[in-house]
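Across the two complexes that follow, chain A remains constant while its partner is chain B and subsequently chain C.
Let's turn to the complex of A and B:
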């Protein structure tokens, strides 16, 4: 859930995002260790008054501070590659959602069995209820079932946009004439927010995305009532 | 508008019916409770979960266009276009009533944005579709 002054990544709502967060935390620990070590070495050297006029070669230490960083990099690279390949795994979706970016709103299409189409505009701040999220809430949310593999096909009708939901770890450009695919699974119910991520004109900051994750039965009820409407 | 497909397993315009009293035939989720009336054992949380899982496994087989290894990457534009063209070619060769052609139609309806489908269909009707059918 995005809140004011949020510094880190949003809580994950998808197993892949969870893995991305773990990798981020792991890499961050390594970076903090290196920074602390180097900072300590630099500060001790700075305040050191000893002088050695004959400091020349030091073969052992050269080997140490070449091999050690290489090992540290391997420690970072192995989880990184594992995650990279994990993100590209083939999965078999059960639901397909098409999203088309326009200036300045998203339109969604569900065409698997019943045809459902709607536009999703941001709620203007002056029409927002007291408990609404400014610049994030929309009039029609995108309802999707949880614990189901979902395929989202992203395109645009006019200029380049970008569709993203940080809590699910997905982002892909919406390019006119091209269909980009992203895939995710939501492992908890709730509302997940995102914002257009490619400059697309005056209201680029005002075309958010809201995914409403519900149980499978609620989703089926919603989709059949939406197709009748 | 409903799309009829011989693969579709959901036909619903109303909320799901109440849970069946006999045991569901789809194995895993539900243990058989033939011939028993509802007893306190049936109202335990585990029994209720079993029952709702039975409803779900009986009615909710959501299906969509499958993964196509010809198009394994992020760019699915070709999957959409190819399915559309294949459907029209299939119809032209096999005739309008040939049911297996409907597979291509199901795929392109799922994958292609509706505006693309409308535009291409209009082009075909006007004989200006750029692809070879």
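Let's turn to the complex of A and C:
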């Protein structure tokens, strides 16, 4: 959940998001090291009085400052590629959720069950309860089971939208006439928020996503009550 | 004069660069083995058809719900004829979409 003055990534609710955060921290360390080294070199150069009017070439230093950046890039690329392939691994989802983007709400359908579908609109600010989150809370949350592999199929009915939940590390465009797939597993219960991430009209900022992660039994109870309703 | 040992490597490469690079690169691969344990022995549950039927819920077979079958359903959605509404900003009043939003909010308040 983002809060005021939040600078970093949101706490992860999925193992893949955990790995993304680790990679982000690793790349950040490398960048800070490079910035510190270059900043130190520049500041010492500023204040030294060494002068050599006859400097022409330095083969060794040229080799060093060519090979060193290449090595640094390898140190960044190897974990990056490992994570890239990890994100695309095949798994067997046990729950499939289909979400269609409209102007300006999301509609959800639980494809594995019969007649479980609903629309999810943002709650307007002036109708929000005292403890509600402005521009984030919705009337019908998407309830999903935790510790279960979930597949979300994303499409749109009019213009391009984008379905994302930062805490789960998922984002995919909702394109009319196309079906995109994302896969995740939530390892803790709670509420996870996201917002439409592709400009789709006047109310693009007012069509949020809320995932409610519950136990498998609670999920099945909710499905049962939703299909009866 | 640089010291070169029997391997042909200078001391700085043998004592500094080689251990550093092997730790950084090899460490990433080595840590992968530990990370893999978490994925192999995950506390993962399945929502199976049997669990659902115990609670009286009808659930489709896994083979029935595929990308192809869902794609056939979304192909039927008419994406070419939609009305481009100059949507109301949430702070604007007196328009139809805003009234519908108010009614939805009242339903939630009544539900709670």
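The rule we apply is simple: the second predicted complex is superposed on the first by the 229 of 229 C-alpha atoms of A that agree within 3 Å, B and C clash if a C-alpha of one lies under 4 Å from a C-alpha of the other, contacts with A are read in each partner's own complex, and residues count from 1 in each chain.
The working rule: a residue touches a chain if its C-beta (ideal position, glycine included) is under 8 Å from a C-beta of that chain, and two chains touch if they have at least 3 such contacts.
The model shown is predicted, which means the values in this text are computed figures rather than measured ones.
Peer 1: Looking at A:39 after the superposition, I want to know if it touches chain B, chain C, both of them or none. Which is it: first, second, both, neither?
Peer 2: Neither chain B nor chain C is touched by A:39.
Peer 1: Contact-wise, after the overlay, does A:112 reach chain B, chain C, both or neither (first, second, both, neither)?
Peer 2: both
Peer 1: Contacts for A:79 in the overlay, against chain B (first) and chain C (second): which applies, first, second, both or neither?
Peer 2: second
Peer 1: Counting only touches as set out at the top, which of chain B and chain C does A:180 meet: first, second, both, neither?
Peer 2: A:180 contacts chain B only, not chain C.
Peer 1: On chain A, which partner touches more residues: chain B or chain C?
Peer 2: With both complexes superposed on chain A, more residues of chain A are touched by C.
Peer 1: Between chain B (first) and chain C (second), which does A:145 come into contact with in this model arrangement: first, second, both, or neither?
Peer 2: both
Peer 1: Mind working out whether A:220 is in touch with chain B, chain C, both or neither, as first, second, both or neither?
Peer 2: In the superposition, A:220 contacts both chain B and chain C.
Peer 1: Just checking: does A:203 make contact with chain B only, chain C only, both, or neither of them? Give me first, second, both or neither.
Peer 2: second
Peer 1: Does the superposition put A:95 against chain B (first), chain C (second), both, or neither?
Peer 2: both
Peer 1: Is A:153 touching anything from chain B or chain C once the two structures are fitted on A? First, second, both or neither.
Peer 2: both
Peer 1: Share the list of chain A residues that count as touching for chain B in one structure and for chain C in the other.
Peer 2: In chain A, positions 92, 94-96, 98, 100, 111-114, 145, 148, 153, 155, 157, 177, 179, 181, 216, 220-221, 224, 227 sit in both the chain B and chain C interfaces.
Peer 1: Under the touch definition given earlier, write down the residues of chain C that touch chain A in their complex.
Peer 2: 21, 24-25, 28, 32, 35, 38-39, 42-48, 51-52, 55-60, 62, 65, 67, 70-71, 73-75, 77, 79, 82, 84-90, 98, 101-102, 104-109, 112
Peer 1: Which of the residues in chain A come into contact with chain B in the complex?
Peer 2: Checking each residue of chain A against chain B gives 90-96, 98, 100, 109, 111-115, 117, 145, 148, 151, 153, 155, 157, 172, 177-182, 216-217, 220-221, 224, 227-228.
Peer 1: Can you check the complex and tell me which residues of chain B touch chain A?
Peer 2: 1-3, 5, 8, 10, 12-16, 55-56, 59-60, 62-67, 72, 74-77, 79-80, 109-115
Peer 1: Across the complex, what residues on chain A touch chain C?
Peer 2: Residues of chain A touching chain C: 15, 19, 71, 74-75, 78-79, 82, 92, 94-96, 98, 100, 103-104, 111-114, 121, 123-125, 127, 129, 139, 145, 147-149, 153, 155-158, 176-177, 179, 181, 185, 187, 201-203, 206, 216, 219-221, 223-224, 227.
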